[in-house]
Amino acid sequence: MILRAESINTYYGASHVLRDVSLAVDRGEVVCLLGRNGVGKTTTLRSIMGLTPPRSGRIFLMERDISGLPPHQVARSGVGYVPDDRRVFPDLTVEENLELAHRFSGRQDGAWTLGKVLDLLPALRSLSPRRGRHLSGGEQKMLSIGRALMTNPSLLLLDEPSEGLSPLVVKGLVEIIRTIREEKVTILMADQNLKFSRLVADRAYILEKGAVQHAGTLDEIYADEEIVRRYLAI
Amino acid sequence: MTGAGHPDLLRTEGLRKHFGEVRAVDGVDLDLKEGVLTAVIGPNGAGKTTFINLLSGNLFPDAGRIFFLGEEITRLPVHLRVRRGLGRSFQITNVFPQLTVSRNIQLPLLSCLGTAWRFWKAVDASEEIHRRTEMILAEAGLEEKAHLPACILSHGDQRLLEVGIALAAKPRLILLDEPTAGMNPAERSRILKLIADLSAARRTTFVLIEHDMDVVFSLAQQIVVLHQGRILARGTPSVIREDARVRDIYLGGEIA
Amino acid sequence: MLALRWIFWLTAAVLLLCIPLTGERFYIYLAIQVLVLALFAMGFNLLFGYTGLLSFGHAGFYAAGAYAAGLLLMRTPLSLLSSILGGALFAGALGAVIGFFCVRRTRIYFAMLTLAFGMMVYALAFDWRSVTGGDDGLIGIPRGALWLPGLGAVKMDALWAYYYLVLAITAAGVGVIHRVVHSPFGLVLQGIRENENRAAFAGVPVRRYRLAAFALSSFISGLAGAMVAPLENTVAPTVAHWTKSAAPVLATLLGGIHTFSGPMVGALLFYLIQEFIERLTEYWLLGFGLVLLILVLGFRGGVVGYYEAHLRPALWRRFS
Amino acid sequence: MLEQLFYQGMIGLSLAMFLWLVAAGLTLIFGVLGVLNFAHGSLYMLGAYLSYSAVRILGLDFWVGLAVGPLLVALAGGLMERFFIRRVYHIDEAYQLLLTFAFILIFADLVKWVWGPIYQSAPVPGALGGAIPIFGRPFPVYNLFVIALGPLVGLGLWFLLEKSWWGRTIRAAAADREMAAAIGVDVPRLFTAVFMFGSWLGGVGGALGIPIRTVSPGMAEDYIIQAFAVAVIGGLGNLKGAFFGSILIGLVNAYGHVYAPVFELAFMYILMAAILLVRPQGLFGTS
């Protein structure tokens, strides 16, 4: 078990966003949080990362309690984070974005190096002197993934990887995620694209109204008309 | 979905707003009739929030025009749209936190009666304001809490209050941005009942942006589906539910 | 609960009326200072506490009132009261002009803009010698007499007599502010402070209201300044310096920014603390700095705010 | 006539470089932490007094004093950030401004208490003493030194921020605190360091001034306002803007003093207000 969250409750001000969310991710798995917009997928990832700390509940990373740790310590314990809105450092070049992450992770001896990340994301290679703000949305997304990998994470949190990408790029993304997985990085991702998730993830938790409503393998969920209609389609 | 009210309550023509290369709203033509409760839905990044911001005046479009009650309001500032009867609520709760609940309601009442410039009379002096405040508080079910500061209300009550503030401006049309976000089931059913009652009484026309399909299908008389900044489909709930393209974009159709 | 409030106000009124009975020039003079700062801070807080705009240039309006009143007394046959009012009106008009520009910005940019305009007034007072007397300032401002209907000219030479005039003007000024903040207009200002965007969605033309608040705030601040010219018989450019703008800020924070009486209570505390520290050491600014630190870090509601949030409920429980 | 113009220009430039050193720290701190430090002028003053003490009281060499004073200022800044300013990042900017204002009062009296209310100054270091003629009028060598040093500091800052990893980290955290934390940057510690560095810059400005500018308890109040004007004109948070803003204000003050004494003081504030109204992002900022 690499990650275990036990009934976490997270608030934004008075708004109760996560209600007793519990989930577990095994080493080597790709697990997906499914659900429409606004059901709490992003908040779940942010809670694990320590960016919006839960008010109650516990989070364990490799059996170590990380609830309440500041985000930089969560990152140094081996969690990489790719936010849904990419958030590359606009003022730094592609290469600097990547190198910076490498320097601060405290995990430089891991498998991911600049060369290897650029091999995985070849589109970034030719862009490496360009500043983050001058990249296209898709390029920023790749950079954001590369940046998280440069911290050599044991667990990668991927928020809405497929959102806003053209079908062709999404197909490439499927390959990228598969490769990352082969490198023994565990992935917890949030997405609302069932077809995309099915191509990369093993299991899924379905969220609705801030709570886990259902858990199962993706094939099982895909086959269940009732669940798809209730939580994913309209 | 026959509306007996103003046939041309709100209309947009070729509305467009781009942020850099992101085409948030990319040529939307829409017309809404008075009395028809419309839900705007769509997956993430479909442009819903930008669209509502254009309608309410928080943003101005790059191109296209907006008409309200037959009058062009494309570049009208927010407060003048409100005066003409176009109100909104926000995705993130947006009340006057330190003011009491009744003051929260009185502010838009005074402003829209045109008496807010009176600086020599007490707020409480007006019988009419008092009466209308009571009425709105009763509708929102907040009478008991009238004298509490808004910031100590529960999340659900704050959202109800927000709808109350919007109502106090006597709107012909209210844009509601995710009215049920972050609510527990009891709070949710209260706000849904409020919207349904007001809509049924033809007091005001609602347009809501919502992700919760239970809410959408229990309230909406018409659904507009946005996708990549454009209208993908529009129709009654049953029509939309059966629409294969809509189902496809929600499940990630492009990749199959 | 209402009774408690009335007891407070009545006690305050009686005490204020009785101060000249002590016959001590020092106390009367100090009391005048407190009253002037109280009114200045009330004017300032109309903008800060009620509208949510932190001005760091209010000394400019205070000085405008003082200079204008001084010049009217020196160079025109206007009576004392008309000159003081004239000074305040001048400050209000100046506030309307400067405010027209300042309300285009909010937050820190507003603070910087008011600072710049306030210092422009200072620079003008300093450099425009022919009118303002330069760094010497206006010297020899007569206090004049007060024309009262039925009584004719009442001499104001005695400090106690002038004290009662200051008390009356301050009371009137505070009365005006009281009505204004409890009016629909005042409610709208508070709405703008709380949530500008929401206020616009309540149909409020936000900028116009801010401008009105700015002008009124300048008028009240000018009124406070105008009372000082005949008191001291002189006005120097230092009254316009930005460090003078800090006095109402401190008084307001001490007393409590979101309460009506806060700035007045704060003005009293301001001088009490100053007197107290000055008896121990000459470094009273240090004391104020520490008090301000504590206020900002732990008691942003000020003394009156603390009373309303903690002490009053306790009293209420005890006596009911 | 032309000589006068040039000579005043040189005076203006040396004024400008002092302003630049104060404004640089103020600008850096605002650009990264988002806090407008009202007490920055006080740190400048503290730098002057501490270096003055090192030179005059402890009898140290001028250059040693120049090294020691600013380091102590950096320490004071670090304590300020760690124990006070850090607590108000999340609240209304007005209170941030007021909190730092409290430090103006505290430092003003502390300085009076320790050093007394009278004006102080230190001798010009031997190597930089004397004057050389410029258009027939003697111009102090020390001022020339300051004029040369200002751009060097600017260049150093540019290099540090653009080319060093510390600078890159700062730029990353300034743009996005959350994401910097999410890659493992200890943002609170970084912010303390930046605040200390900004304070150090202010301290250097103060220390450099002791041979030619009077050191007095009132200097903080004057300098902070001028530094605000510079920072605003260049665009709050914009270092390049602060550099050229300093030159502009330095020249305006120097020429105003001679050619338009009536408006000498006012002109700077008019410029400041005009920028805030017309181009709030500053002369060199992008909106």
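By written order: A, B, C and D. Residues from 1 in each chain.
Simple rule for what comes next: a contact is a pair of C-beta atoms (placed from the backbone, for glycine too) under 8 Å apart; a residue touches a chain by one contact, two chains touch by 3 or more.
Given the structure is predicted, the values throughout are model-derived calculations rather than measurements.
Chains making contact with chain A as well as with chain D: none in this assembly. Among the other chains, B has the CA centre that is most remote from the centre of chain D. A count of C-beta contacts for the chain pairs A-B and C-D puts C-D on top. Separating the CA-averaged centres of chain C and chain D is a span of 33 Å. Centre-to-centre, using mean CA coordinates, chain A is 55 Å away from chain C. With each centre defined as the average position of its C-alpha atoms, the distance from chain B to chain C rounds to 43 Å. Taken as a graph of touching chains, this assembly forms a single closed ring in which every chain touches exactly two others. Looking at which chains touch one another, you get A-B, A-D, B-C, C-D.
Interface residues of chain C facing chain B in the complex, by the touch rule stated above, are 179-180, 182-188, 190-191, 194-195, 197-206, 258. Across the interface of their complex, chain B is touched by residues 12-17, 36-39, 84, 136-137, 160, 162-164, 166-167, 170-171, 174, 192-197, 199, 209-210, 228, 230, 232-234 of chain A. Looking at the complex, you find that chain A touches chain D at residues 49, 51, 70-72, 75-76, 81, 83, 87, 89-92, 96-97, 99-101, 103-106, 147-148, 150-151. Those residues of chain B that touch chain A in the shared complex are 21-22, 41, 43-45, 92-93, 153-155, 158, 178, 181-182, 184, 211-213, 216, 240-241, 246-247, 250-256. For chain C in complex with chain D, the touching residues are 48, 54, 56, 101, 104-105, 107-109, 111-113, 115-117, 119-120, 122-124, 126-128, 241-243, 246, 249, 253, 283-286, 288-290, 292-293, 296-297, 300.
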